[in-house]
Amino acid sequence: MDAAAIFERLQARFGDAVVTFDSGGEPAVRVNPSAIFQVCEYLKTDPALGFDCLSNQSGVDYPKRNDIEVVYHLYSYRVRHACVLKVSVARDNPTMPSVWRVWKTAIWQEREIFDLLGVVFEGHPDLRRILLPEDWVGHPLRKDFVEPTEYHGISTKRESML
Amino acid sequence: MKQLVLQLTGEGGLLAGVPYPLAAALAMLLFGAIVVFVFVLPVAGVTSWLERRVWARIQSRVGPNRVGPQGFLQWLADGIKNMLKEDIIPTAADRILFSIAPYLVVIGFIATFAVIPFSSALVIADLNIGILYVTAVTGLVVVGVLMAGWASNNKWSLLGGIRSAAQIVSYEIPAALSIFPIVLLTGTLSMQGIIQAQGWAPWHWFLFHNPFTFTAFFIFFVAALAEGNRTPFDLPEAESELVAGFCTEYSGMRYLLFFLAEWGNLYVIGAIVTTLFLGGWQVPHVTDNPFVLAVLQFGVFFLKSYFWVFIAMWVRATLPRVRVDQLMSLCWLYMVPIAIVNLVGTAIWMMVVPAGLDRVVQMLMTLGGAAIVVGFFGRVRFHLRRAKLRDVDYYYNPII
Amino acid sequence: MGYFRNIKETVATIFEGMSVTFSHFMRRPYTVQYPDRVPIRIQDTLPFRYRGILEVDLEICTGCLACERACPIDCIVIDAVKDKDTRQMVLKRFDIDIAKCMYCGLCSEPCPTGSIHHTSEFEGADYSLESMLRRFVKTPVVAYKPKKGPETDPEVAPILDRGMAYLTDFAAGGEE
Amino acid sequence: MSLGGYDVEVQRPGGLATEEMTLNMGPQHPSTHGVLRFIVKADGEVMREAIPDVGYLHRSIEKIAEKVGYHGFMPYTDRVDYVAAMPCNQGWGMVCEKLAGIEVPRRAEYCRVIAVELNRIASHLLSVGSMGMDIGAYTPFTHALREREYINDLLEELCGARLTFNYMRIGGVAWDLPPDWVPKAVAFLDRFEPLIDEYNALISYNKIYVERLANVAVISAAEAIDYNLVGPNLRGSGVKYDVRKDMPYSVYPEFEFDVPIGTGEVGTVGDCFDRYIVRIREMNQSCRILRQALAGVPEGPVLTKVPRKFKPPVGDAYIRLESARGDMGWYCVSDGSEYPYRVKIRTGSFTATSIIDKVSRGVMLADLIAIVASFDLVAPEIDR
């Protein structure tokens, strides 16, 4: 099933208020953040869709649009097709439901997005920093992140010899 | 030795006037020191060098070849280096236990040298309970290892020490049970007595005496490997699991002592296997000169025991490590029952099989052993051919 | 029965494994005793494309700064100024920080003459970071100007040939 | 302690007073494959849980991508997974080509496939070798590394480096196959293929080895998919999925090869042995692909014309490719400028690490080593 057909099914189930079609770049389905869990659950449990794997979850920061986009790349090993979901959350208060109850892999992938972009996933069982140290300030993959000059008294810059 | 001491303390002797017991004790100490420094240390050291070379060749490497001819003196260099290193005792460790643990381990293996019969004359003490003494004295190693593991105050060390204790204590049983068939056959516990009951030819060895002793040999060898913490039973110091096991916190000389004991133990294993199953120092009757005979016997014994040292190294280079639960199930479910079967089987064999058939069976067993060796080299040839036929000379071929 | 099958399998597979390891006693070791016991210097056995420490042939450097731009980690710094009188490019500085260089080879690709290229030298250990800084320009030199037709200067021609050999080795098509 | 959403309660029959021990395995432990740490709660030899703590090798490669531009990021992709850098090169090349709609010449695709498959063999060799070493057999490791050295020699001749290749470029590869290189590669395959059998005789079917791996950390197919295991880890659980077959890219459809899956031949489907043996069999399949590819390299250019100031149109692209550690995802967002707006690399080791906590409950301490080795974790790939 291609992205348009998947969108049609989702549209029939959830209506235009929840899902919209995004054809800029790779065709994707834009989902309202509050409904992402229901949409994902439907995508997984519906036999014709059967998206049993969340292969990639990533976040993109758009300061100009003032939102953070969380992108879900889904794959179905059963039906052997893929689809892309995009969710935009407000940049100053980025909270959205977690989908870890649908796919366990989301536990770690959402932790990474939380760590690097600061998106808070509600209902996540273990939302801690994963790659950076626990006491790190800020979320580095945000476009306005400024690298601190020192960390625990260690300078993060080295004088260039050139 | 007794005569020498008597001579020295007697009229006009070097030590005239010194009471005999004191002189005897001194002589024993002196002799022991000579044995340790002239024989035990180099044996352990050379074993370490040999092991590294054998390993290296099996792994397509060269191994230590810089210190001395073919790296033969590598063990000396390593020893001196370790002696000169700082002896670190962790602050959280139990200082006393931590310090004495390596010595206990070393004593456990050096004491066995007292009964090892290198030739019909060259033996420190031909105890009439020789083989029992060996099994008893090696038990000291457990205490040392457990002590080291506990005193280090490190969790990896503790796990290593506990593993070692469980392992050595368990494997004493199949080892002892495999010695019993030989004791049954010879009716003596003395090491010299056991050797004298065998002959120089392979069909005189207990290895090929009957099917039960043949199995007993393998059970004993495997159990001895386990007691010596050798692969596939090197769990106490399992590098990939427990960092370095019970010797994680040790450094310098104390660390060296553990390894001295390990490699020394390897030789002890070889020597005991040779004594029990391979006819010890038995040589064909070629000369009556006692000196030449002693040298010949010593050479034969030494070569035989080093052959088994080599086998142990080779096994170590081949096999992976078993898991703790598998270690225990291997001991209790496989080795102990089979060892008991061997014991009973040997007893029945002795009662049932007539003397004439005995000789035929021994010859057949020897032929069977030879067939296994031939079959083995057939496989080796197969592997060599498979690899060699397609060897490529496109690449830079190193010259060693 | 499982019990005896286990014993049989154990004995058989260990026998097989031991025969493999024993066969290695009859094969030659494969290791090289670097650095002192090798018949030829390792550097001489390396392939042409080997990316070792960078080298610059100033004789044929045009001062185009393509390498400086291409370097993703900015470990190359070039000062090339146009001499007002002679209207020639003069190289005042050509520094490469070897300690920073990641040997990716992106700098040698856009070089028009193959002046900057990797050598087969890889032994870069030194006692200080400063000594890892390679300053190729000792005194300001005039940059090379590619000629129409073959190079005539007998001193520059072989260097240019070598540089072009590096260059032609790259796949064509990158430029536009 | 509640971690990963699970509460563990230690059940003790008879009330024997023992103490739970917290072990800190890593980051300096001998068998943590790079820099990886596990906080192990153990009851003697039996583990209650092993919580992976990652991030020790985090070099913010995804952030670097936003600063160095499309061409300049290629050498950084080598560092994502330094054991198998070629697939990472290819992944970055593919995602940029998809963004800009660039067609790669056929000869370049062949070069890529040859380089990637050689690298896959090298990576699997390291994996199965270090697996042997973790289980306690050291010889297989050196034998595996010996063959890996030959591959490194070949790749060194191809692209000048042994580890961080930087061989591919957006729109093709940087160097054509050197003259006389193809017969050398074929000679290597002739030498290497029988050595896989020797390797199997030495270790794979060794009883001790089999016993150590069989029935350990069994992962069912559903679980593997749920946790997004990929590559040999997924195929070990019996899922026949290979990006090269199921979402074909490059010139893979032109080659004949099988996708080996775990069958539970010595234990249960999805145990450590299945994951291990899948890698061994994949080396055979890679040899098959290589033979076909080396025999049929077409003539032509190996690099298309790509502007040095590479500016793909606004949009995003996600590609999958089969790296040595499985389905590798590259997601790139472009805002039309010289620099990528956002790059996300989804690696196989990252998701494989997330399941360790689950499968390591109630197994022996020594099994954790086998589990970590069987997942073929490469720490830089987890942390990026």
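Lettered A, B, C and D in written order, each chain numbered from 1.
FYI, contacts are C-beta pairs under 8 Å (C-beta built on N, C-alpha and C of every residue); 3 or more make two chains touch, one makes a residue touch a chain.
Please read all numbers here as calculations on a predicted model, not as lab measurements.
Across B-D and A-C, it is B-D that has more C-beta pairs touching. Innermost chain of the displayed assembly, by C-alpha centre distance to the whole-protein C-alpha centre, is D. Taking the CA centroid of chain B as reference, the farthest chain centroid is that of A.
Separating the CA-averaged centres of chain A and chain B is a span of 62 Å. Each chain gets one centre point, the mean of its Cα atoms, and the points for chain B and chain D are 43 Å apart. Inter-chain spacing, taken between the CA centroids of chain A and chain C, is 41 Å.
The distance from the centre of chain C to the centre of chain D, with each centre set as the mean of the Cα atoms, comes to 27 Å. In chain C, the positions touching at least two other chains are 6, 14, 16-17, 19-21, 30. Among all residues of chain B, those that touch two or more other chains are 58-61, 317-319, 383, 387, 396. Residue numbers of chain D whose C-beta contacts span two or more other chains: 139, 146, 198, 201-203, 206, 208. Shown here, the protein chains touch in an arrangement that is not a line, ring, star or fully connected set.
Inter-chain contacts, as defined above, occur between A-C, A-D, B-C, B-D, C-D. Taken in their complex, chain D has these residues touching chain B: 21, 23, 29-31, 44-45, 132-139, 142-143, 146, 150, 153, 184, 187-188, 190-191, 194-195, 197-198, 201-203, 206, 208-209, 211-212, 364-367, 369. Residues of chain C that touch chain A in their complex: 74-75, 77, 95, 97, 99-100, 129-130, 132-133.
Within the complex formed with chain C, the residues of chain B that make contact are 56-62, 314-315, 317-319, 334, 376, 379-384, 387-388, 396-400.
Chain D contributes residues 2-5, 54-55, 58, 60, 62-63, 222, 225-228, 230, 239, 241, 246-247, 314-318, 320, 327, 329, 331, 333, 341-342, 344, 346, 350-351, 353-355, 358, 383-384 to its touches with chain A in the complex. The residues of chain C lying in touch with chain B in their complex are 6-7, 14-33, 38-39, 45.
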